[in-house]
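Alright, structures below, take your time with them.
In the two complexes that follow, subunit A is the common piece, with subunit B as its partner first and subunit C second.
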Partner chain A sequence: MNFDIEKKTGKTEIALIGRITFADHDDFRNVINVFEGEEGHEIVFDLSRLDFVDSSGLGMFIIARDTARKKKLSFSIRGARNDVMRVMQVAKFHKMFTIVD
Partner chain B sequence: MSDRNDPIAVAAGTDMERVNAVLSDIGLGAAHLIRFTLGHPAASRTNERSAEVPILLLGNMTTERLSSILYGPHRIVVEFPESGSRTGLTDRLMSDGGANTFRLSVTTATAFKVECAKLVCDALAYRGVLPESSRFQVEIALHEIVANAILHGNLEIESHLKARPEQYETYCAHLRERLAEPERGGRWIDIAAGWDGAGLSLSVMDQGNGFRSDTAEAMPEATGSFGRGLGIVRSIATDVVTHDGGRRTVMWFAHDK
Partner chain C sequence: MTNDPVIPAVAAIVGADDPTRNLYGIDLGIPLEDRRVLVVDESKFNQKTLARFLLWAGIHQVAFASGGQEALDMVETFAPDLVLIDITLPDMDGIEVCERLRRKKSQMDLSILVQTVVTSDILRTICFRAGANDVLSKPINPGECIARVRYHLERRAIIQELREFRERVEKDLRMAQAMQVGIAPEEEAIAALAAKHNLDIAVHFQPCNEIGGDFWTMFEIDENRIGVLIADFSGHGIPAAINTFRLHTLITREDVRALSLDPAAMLAKLSAGLLGMLPLGHFATALYGVIDTSADLLTFAAAGTTNPVIGDAEGLRLLDGSGVFLGICEGEVYENITEPFPSGSFLFIYSDALVECRSPTGAMLGEPGLLDLIIEHRDFPIGPLIPIVADVLKTSGMRVQDDLTAIWITRP
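Coming up: the complex of A and B.
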């Protein structure tokens, strides 16, 4: 997994790139570590360049959502496509997340 | 079972001194060995000598080295560990399932760093037994079973350790420690594929303590940060059966009619 971070006023966009799997638990800490901001600051995961996610990766999205909640930040996911969208559908993620697009 | 006279190929870059010592331990002589140079897929297909070789021993496992051997003729690819246990190496070299099979045997530390499920699916697609229309389903299902074998089987990590975000650092540290332990990180993961006109079978074996399938079944729709893997597999594979107290999982994918 690679990631790009873009900080804007009121919003941090994080693009996850490539494959996110059980082997990325360590690297994902670096993603969580940029969750900072005023109350209501938006954290957005952009998945449009993500090719593959497994159940561990989905678990990391939950950890990200819960970390954002604890810090009173808003959290959403957008741009999932193809196989990533299919895994999220199998796991019924639309019930647990704000998913845009 | 394979004939004991079957030649065994050894990839360039593998420690030959150790290979010879181990093969002599398990009753095979240097006469069985053929040096095998990793190269372009077309080169290995036209290499008549290597076409006779079903078994390949490979040291220094990396994703690049593994992907280049998938296009070769080998039915059994076994990691030759740089150090650590040789336990079970004989069985791995000797049980050849025949023409319509493919096997990959690697240590847990290697399985963690190379994308085994993707590589095995590449090998199956190359052999014409995994159509593009089934690729995603088979790869994600195999990936989840391999992940379970690594994390919960051989490394004996419990997922509830990451139930709360503040525990995540501890979970990651625990995972790193277990991977670095020679005993757990050196345990084997075996992935075996077999196919016929009706479908494709994939089995994954580990050397952990197994699991109770009744408790694993109890999370059909997980909402937390773990517990989704088997649910994904069950919703995709035609059939999933566990054996040996949870140490071996066999999935069956029927061909589309």
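Coming up: the complex of A and C.
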């Protein structure tokens, strides 16, 4: 997994790129570390360049959501496609996450 | 095994030299005081010289042999970690000693260093082929001797440590594997359940490592109904396996079993229970179903699992396995889905490893591939589960990337 971080006023966009699997657990910590900002600051995961996510990867999204909630940040996901979109549908992620598209 | 007089003998043979002397200021690295070296040399003078070098190398347990047979005997009694052997011996040459030592299974990883005056490439090759780990040219230089002896002893120490660790972990995993198999229903119990409810039941459970994150169970609810649960925890290996034990504890609790007839309520209860037990980011996909043989119905609820397959003489249908995972949300509501399940129907539930397995060309089986396999093997006399799993394993080169569980239930 690779990631790009783009900080704007009131918003941090994080593009996750490639594949997210169990092996990325430590790298994902670096993603979580940029979850900072005023109350209501937006954190957006852009999945448009993400090709694959396994069950451990989905677990990382849950950790991300929880971290944002604890820090009173807003958290949303956008741009999922193909396999990533499919696993998120199977898991009914729209019930737990704000999915913008 | 040990030969106690060895240590004083070394000190005596070496003389009054300071054993703490550090040649050229060599950093000796990891302590090797407990390591044993057998010096095999006809010459007492050479024995004494080598013993001195070994002392400088930080090795205090040294024994001596003057001939090949004596060396072979002493390897048994002294149990050295390393043998420093001269190629020229009175009764047999060092090459033969090497070969004989390597034929002993117990000495497969003994370090053997051969010392020789002739240093031609062909002779060195013969030494290595006979099983030597290294060849030292005579006259022996102390610095080189110390470095090489220490290198081989350290290497052996590291290998032994790794082997011990590996053996301990393997033993633990074998025990854990038996424990994990033990939390699933026994074959006889399933056979009895099948006979009593007039069902054909086949189960395949295969962790991708020794233990895994898949869990399944099946039980009688009353004389007309049985419950079946399949679950797959996020991740693999030991952490996922520990989570299966947590689920097993939950499912055997009375307040959970009380919900056996209501799959959606059952999953909600399991999810709430797991939420309090699992680390953040861990979860399970699951399906719980009730087969009612008097009402001819299957009722199930799913939590983000694979789509179950139901079939009868009319054909096959994929049901909806989607749903929020167990253990991540408070107060999640699941949905009951009811399907006709008359005589002649079958239900097939399976973990994602089955459809996600890949052929050597990288093509994933997927749901269409699975349906094709089911159609191909439908009329297999004892139910198609075994040939389907065998086919899947064959195409994926007998390797599953994830824990594999599959359950086939037919109503004849």
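Everything below uses one rule, namely that the second predicted complex is superposed on the first by the 101 of 101 C-alpha atoms of A that agree within 3 Å, B and C clash if a C-alpha of one lies under 4 Å from a C-alpha of the other, contacts with A are read in each partner's own complex, and residues count from 1 in each chain.
Note that contacts are C-beta pairs under 8 Å (C-beta built on N, C-alpha and C of every residue); 3 or more make two chains touch, one makes a residue touch a chain.
If you're wondering where the values come from, they're calculated on a predicted model, not measured in any experiment.
S.K.: Which partner chains sit in contact with A:59 here, subunit B, subunit C, both or neither? Use first/second/both/neither.
M.R.: Both subunit B and subunit C are touched by A:59.
S.K.: Mind working out whether A:100 is in touch with subunit B, subunit C, both or neither, as first, second, both or neither?
M.R.: Neither partner.
S.K.: Is the number of subunit A residues in contact higher for subunit B or for subunit C?
M.R.: Counting residues of subunit A touched by each partner, the higher count goes to B.
S.K.: Of the two partner chains, subunit B (first) and subunit C (second), which one does A:26 touch, if any: first, second, both, or neither?
M.R.: Only subunit B is touched by A:26; subunit C is not.
S.K.: For A:89, is the partner it touches subunit B (first), subunit C (second), both, or none of the two (neither)?
M.R.: A:89 contacts subunit C only, not subunit B.
S.K.: Under the contact definition given at the top, report the residues of subunit A touching subunit B in one complex and subunit C in the other.
M.R.: Residues common to the subunit A contacts of subunit C and of subunit B are 22, 55-56, 58-60, 62-63, 66, 90-92, 95-96, listed in rising order.
S.K.: Please give the residue numbers of subunit C that touch subunit A in the complex, ascending.
M.R.: Spelled out, the residues of subunit C in touch with subunit A are 232-236, 280-283, 285, 304-305, 321-325, 328-329, 332.
S.K.: Can you check the complex and tell me which residues of subunit B touch subunit A?
M.R.: On the subunit B side, the touching residues are 112-113, 115, 136, 140, 143-144, 147, 150-151, 159, 162, 164-165, 168-169, 171-172, 175-176, 221-226, 228-229, 231-232, 235-236.
S.K.: Flag every residue of subunit A that touches subunit B in the complex, lowest number first.
M.R.: Those residues of subunit A that touch subunit B are 19, 21-23, 25-26, 29, 32, 52, 54-56, 58-60, 62-63, 66-67, 70, 83, 86-87, 90-92, 95-96.
S.K.: Which of the residues in subunit A come into contact with subunit C in the complex?
M.R.: Contacts found on subunit A: 22, 55-56, 58-60, 62-63, 66, 89-92, 95-96.
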